[in-house]
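Look for chain A in each of the two complexes below; its partner is chain B in the first and chain C in the second.
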Partner chain A sequence: MIATQETIDATAAIFDDLRCQKNTSLDNLLETPDGRRILSCIQCGTCAGTCPYGEHMDYPPRRIINMLQRGLIDEVFRSDSMLRCVSCYACMAKCPRNIRLSDVLLPLVKEQTLIHLTEMPAELQKSLQNTLRYGNPMGESSRKRAAWTATAGVPVPTIGEKGGVADILWFVECYTSYYARGQDNSRATARLFHALGLDFAILGNEEKCAGDCGQLTWESGLFETLTDYNMVVFGKYKFKRLVTGDPHAFNAFRIRYPLFGFDYPVDHTTPLLHGHLDRLKPMLKKKLDCTVTYHDSCCLGRRAGCYEPPRELLRAIPGVKLVEMTHNRVNAICCGGGGGGMWLDTFFKAKGMERLSERRIREAIRTGADVLAVSCPYEISRFEDALKTVGHDKPIVVRDVVELLADSLGD
Partner chain B sequence: MNIVVLLKMVPDTVEELNVGADGRSLDAEFLRYKLGDPDEHAIEQALLLKEKHGGTVTLVALDAPEVDDVLFTALAKGADRAIKLTGAESPPGTPVLAQAVAACVRGVWNPLPADTLILCGSYAIDDLEGELAPWLATAFEIPLAMVVAGVQIEDGGRKAVVTREFFGGLRGEFELDLPAILGIQSAEKPPRYVPIAKVRAAMKSARIDSQAAELPEPPAGLELGRMAKPEAAGHAQMLEGDPDKVADQIIEVLAQQSLI
Partner chain C sequence: MIVPKKKEPIRVGVYVCHCGVNIASMVDVEQVAQYAAKLPGVAVARTYKYMCSDPGQEMIEQDILEHRLNRIVVSACSPLLHEHTFRKAVEKGGLNPFFFQMVNIREHNSWVHTSRAEATQKAMSLVRAAVQRVFHHKPLEVKKVPINPNVLVLGGGIAGIHAALVLANAGKHVYLVEREPTIGGHMAKFDKTFPTLDCAACVLSPKMAAVGNHPNITLWTYSEVTKVDGFVGNFRITVRRKPRYVLEDLCTGCQECIEACVYREPKFKDEFNLGLGKRKPVYLPFPQAVPPIAIIDPETCIELKTGKCKKTCVEACGDRKAIDLKQQEEIREIQVGAVIVATGFRVFDARRAPFFGYGTYPNVYNALEIERLINASGPTGGEIVLPDGRKPKSVAIIHCVGSRDEHTNRWCSRVCCLYSLKLAHLIHERTEAQIHNFYIDVRTPGKSMEEFYNRIAEEGVKLIRGKVADVYPDTSEGANGRLIVQAEDTLMSRILKLPVDMVVLAVGLEPHPDAPNVRRLFNMSCSNEGYFLERHPKLAPVSTFADGIFLAGCCQGPKDIPDSVAQAGAAAAEAFSLIDKGHIELEPNTAFITEAECSGCKSCIPLCPYTAISFLEDKKKAFINEALCKGCGTCVASCPSGSIRQNLFEDDEIFSEIQGLLAEV
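And then the complex of A and B:
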């Protein structure tokens, strides 16, 4: 099924109308509005068919719904089948009944899977423990979170330094704070914000992982610990909106944080910059002369319906020729990093599963593009790693949209 | 079985360690404490034994920053009781810690039940020689095995058969009569994950027993004179330029060192 922009917008609107419910469990799910929608499932199997790892699951989404309807859901979470879910929203975006699989049902099953696992994949366990202790999955010191700002080239104030007040609170997030190639994204974002004269500030070392909607809602205790912490920090300051360059954090703030009292407008840097395109375009003076293909991130694309803004930003860069991969927009193939997938590569490999980032990078290579543009910090590391193992004759590099925009700034 | 696990918080090396103003201790300003890896394995081994043979797991730890989190996490994993020894102003040396722990254990069980197994980590980053377990074995006058990587209980809880690791991949099996003390190097399985929701629930429902620690004067022996950061003796040399030139430079360096 190739969706049109109209159907995407309509789908996104339907999902956004529905609020997640805080105390939903597998026991009471069928009594909620989401559950009643699940009961309307026609077992068409579109979800299982579109799932990138569906063929590796004992219980793909269609079967999970069937087991739930028959009161056999225990069997599902006593298997490790759900660990293969990378929270890519493909099943939910394609469901003809608009069943909120990735938002509601799958995280609940995954949470129970985690509780019943006899042995947790070691890398995933470490990342969860690190996130609890240090506020980031890589286990870096929380006191070094804002260290990247020293290399930003432009001032990046903390909101504390600005007297606790700013128009935009920029929630930087983990990979963009600590991971060397992720910091390139942060430096580029800072330069763009400065060029546009935006009034922004970051939390600095006070910030802790937002709790990725995909990864952490199935570790509900960890998610709530992080939410409790971040909500207290937000409460100390005055800001009009929250902006983040991480679509996972964007997702968490849009979908889950409102359950904990969060009511700030929230935006991702890509659509935010798109909103300033009229002012930004004249500043993009440096010709980049390259062919670019854009990878839609799951949380920004399928979940938020933001497909055109990143493409329009890329087209605004002089010398950029945009080409599309076979699977694009709602049909984009996930990089495999969501839903804890960032820390499950060893597990997937042990199960004989292909890395989704490798499947995706082959498509990017086939376009003949010089650059694979992305809008999610997970994707830089995943695709750069995939390029190391997938053969390609013509060089191709992975760059975030904001990195390309900053490269083109004529300053 | 009566399983007792002794836990010891150690400085977290993720944070930068600095020498304090007295020149003999770590600067406490940015110091964070965590449980050492061998202690995590001691908890896991205790839980595995409890699951196999029944009984109770009692945790004993000296008070330290973040120790409550560690104890509640272990309670959420399945430990039955947690005792926290309070009153030490700064981390005491291993002999004093051993005496404090021994006094606490004697306060609960005197004499030790015949099926008692005391576990602790076989070393800690501030006790690399692993002196804690030997000090405790001396205090209780019970058998000791160190660097243990596997425990079987036999003879209806009267005997432990333990696997010890040696250099070069060599392993040996040893029999000990219980009660005994084991310095755990690694549990038979990696330390389990406990969902944070369970830890949060344990924080609400479980209890940590606080007791004043009996802290004797440190015995005469080695005294810490000065603490210093390691000084860099040399630096890596980065070779830059095009690959051919770098290759020539590498050959030159290797030749200079008489390696080729």
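And then the complex of A and C:
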């Protein structure tokens, strides 16, 4: 599916309004501007129809809205429907009434669902506990957060080491700090930043998870703990903008952190590098000779409208042929990792639900591509796992856009 | 008429209207009248429930006689609504109608304020300003200018055709200007029309032919208006006639040139069939085209592109000598008294809603393309077939594509539900396919429309309440281009993944992308959506804010054929009533030059938006043509020597008004 510029503008229009209200609850929601949009719902079912798990929900978004309008929302909490929401923004991006489902309504319902659950899925509970205790969902030691920098091949200074001042504060995030394949992303990003001569620094061991997934599963207490912590750390240093390679953190800094006083410009690595494409392109000397298909991450694609920059970066790599999957851009299928889905695979399986990463990888395989390119650290592990269970005749690997760019830098 | 003597004292009558509760509920009208009664020069101050009613007007007339009033102030609604009414009443009472000032305490006051005390204070200030101003009013005279009896109809769709015929039949000369090579518009592309399922061509072709043959209609197709000068009653319109390389007065419509073209087979995308069929570089858009004259496309004609063709078309035309490959565009100027704008709409480009797969999957069509496939004169001769030639066994029709959607167009396009039901019937009739209509709400207002809905439902169309969220290829074995349509059946709360052979998108209607240019040309306004704005949504639905410019058809908003035709008739009647009077009255609020003070600097001349100012070479003074002046005041404000003044907006009138407005109550 080829999106025209007009399409992109149209789908990006929804992203203009980032305002959320901190004290919004299900009780006062309908009195807020976002709530009045909910009242304009025409019950068309686009949300349920596009939801990747819509057929597994007793209460897909359309019915939730109806129950809310009828004053019967409490009945929704008796179902575990909302646990199946992977916060992929598909319903919100296509809603003809521009109702902020994934931003506002669904997280509120999700929080109540969690509160009413008799038994919390163990995997999810563990991750949330780890995030609270260690600042990362894997439960790794916070003192080892910056350990990966030793293997970066280029200096990766902490902002403390730079006298507390840097142009770019690079917020590395959890998977990219601890998980081996995530570190590949970080090492590639460091090399690219160096090649471009950017003035950057990381927080090092001071950094804790930005908390987006905590927020989206609406552990609001956990989210606020992390926000409070990170805001204090930011306050210690001087930097002009914050950059992160994790679209979920990017999302949190754009949409949630401003409620807590955060007002730095925020960028994701992919659009940031795209902004330097003129200088980067001559450095991309090594031919990669492969067919690549790009998977739009939900937070960077549908939520931020960033569809073309990653594709243009890929096209800039010599020898890369870009092909599209059936579902792309606004219509992309989620990897299933958002909204806590990362830690609900066991729960989904127990409910007889197909893993979305498998649904997605099948589309990637059908393109005949050699590489599935991604721009979100969750996706590397999710799609690599999916490749283990979904049969394919031709080899296909999962690489982040930054990894491919760094490969092409040569030595 | 009472002509006030110079020394006669000013005696003002002030009338404060309740407008039912519209004003009285927010403004204490009694208090305003009591206040006005005490103002210097005010002889009478009254309130009345409806000043615009006959008794209200009579009260003014009687008071003028009884109380020897010589100035009148009415404090009521917007002057747009009733200034004319009260001027007439003042005139009937024996005064010059311009010894009158209207105060708007409704739209500018009671409707927009929430504090009664403050609204009342504001009303008092406004009334005081008017009383002080009206002291300085002078008697003015309404002038008449003759009106040109010709009418321009812009756009040759069904609305333009109908309006042109109505006026031409009434004996007025009509210039019908159409951008495309033929008239007929969208209706000419349709197969059958709802709710009667009568053939579109059967009802339209006779009207098209009547336009072509009418002695009172000058038909210019393949032409565009490029410039509009003048004013109501006397417009000068510049029309660009694009070269069709076939001379209209010599071509007999025999089509031998098309036969003889060096391209044996049609090779190029046929615009009339939306690219589903092919044509030659020389072609007739469709068999019933009016005028029935061939046209040569300079983009594909070898001779026009390279100058190296055998020109078999010229040979075939022979002695008729109708083909002129050197034809140039022509610029023509016409004079008309009124204009009917009927420029129509375009259908929504479904690529803007990418998840329906239009432009990606060949089996996804928009509704207009299906009309051409169903039409016997269409590219498949009326067969509904997939690109591979098979007949579809199951079809999904998706309603509201590009309508009722904040991402694309917010409005309901009004015709799609009914045409979708019609297409469901026609596709089933031709293919026996199972049809599924995916809808949000089925909207079938209008005469015989609900009955039509019933009839189609009884035919067994599957009506599914849910908007389609995704269309993607079926990847199972032997799917052969089959698509999966994914939607929630909202009445069952179940997600459907329906395999179909063909998807039809009920695309909505939207304004032409160049509508803003037409708006500027004719000095009209547009609504938020980009449709041309009528002067009043209920009481002046075919007039615009530009005098003498009327609207018909979908350029004003989506509507079906019956409504377009009704509106075209109304626009024709409005234009007729304007031009048939023979003259128009000019508002006397025009600017004039005090010659003694004019320095002849000419700075006002280029500023005038109506080209009403010229320079008198003999006197070295500027001159304002009253008939062209619209009273905008630009020249008055710009004149460095202060030599330009404007009736009803003289300095003493404006300054007294301001002083009255700003004084303490």
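The definition used in the following text is that the second predicted complex is superposed on the first by the 391 of 411 C-alpha atoms of A that agree within 3 Å, B and C clash if a C-alpha of one lies under 4 Å from a C-alpha of the other, contacts with A are read in each partner's own complex, and residues count from 1 in each chain.
Note that a contact is a pair of C-beta atoms (placed from the backbone, for glycine too) under 8 Å apart; a residue touches a chain by one contact, two chains touch by 3 or more.
No experiment lies behind these values; they were computed from the predicted model shown.
After overlaying the two complexes on the shared chain, residue contacts for A:140 are found with chain B alone; chain C is out of touch. For chain A, the partner that touches more of its residues is C, with chain B and chain C as the two candidates.
Contact with chain B, but none with chain C, is seen for A:128 once the two complexes are overlaid on the shared chain. Judged by the touch definition given at the top, the superposed model places A:50 against chain C, while chain B stays out of reach.
When the two complexes are overlaid on their common chain A, residue A:224 makes contact with chain B while staying clear of chain C. Of the two partner chains, neither chain B nor chain C is touched by A:323.
In the superposed pair of complexes, A:119 makes contact with chain B only, with no contact to chain C.
By the touch criterion defined above, A:72 lies against neither chain B nor chain C after alignment on the C-alpha atoms of chain A.
Counting contacts by the rule stated earlier, no residue of chain A appears in both its interface with chain B and its interface with chain C.
Contact residues of chain A toward chain C in the complex are 1-4, 6-7, 10-11, 13-14, 42-50, 54-55, 60, 62-63, 94-98, 326-327, 329-331, 366. Only residues 349, 351-355, 357, 359-360, 400, 404-408, 440-441, 465-470, 472-473, 475, 486-490, 493-495 of chain C touch chain A when the two sit together in their complex. Per the touch definition, chain A reaches chain B in the complex via residues 111, 114-115, 117, 119-120, 122, 125, 128-129, 132-134, 139-141, 143, 219-222, 224-225. Remark: chain B residues 14-16, 30, 34, 189-190, 192-193, 195-200 touch chain A in the complex.
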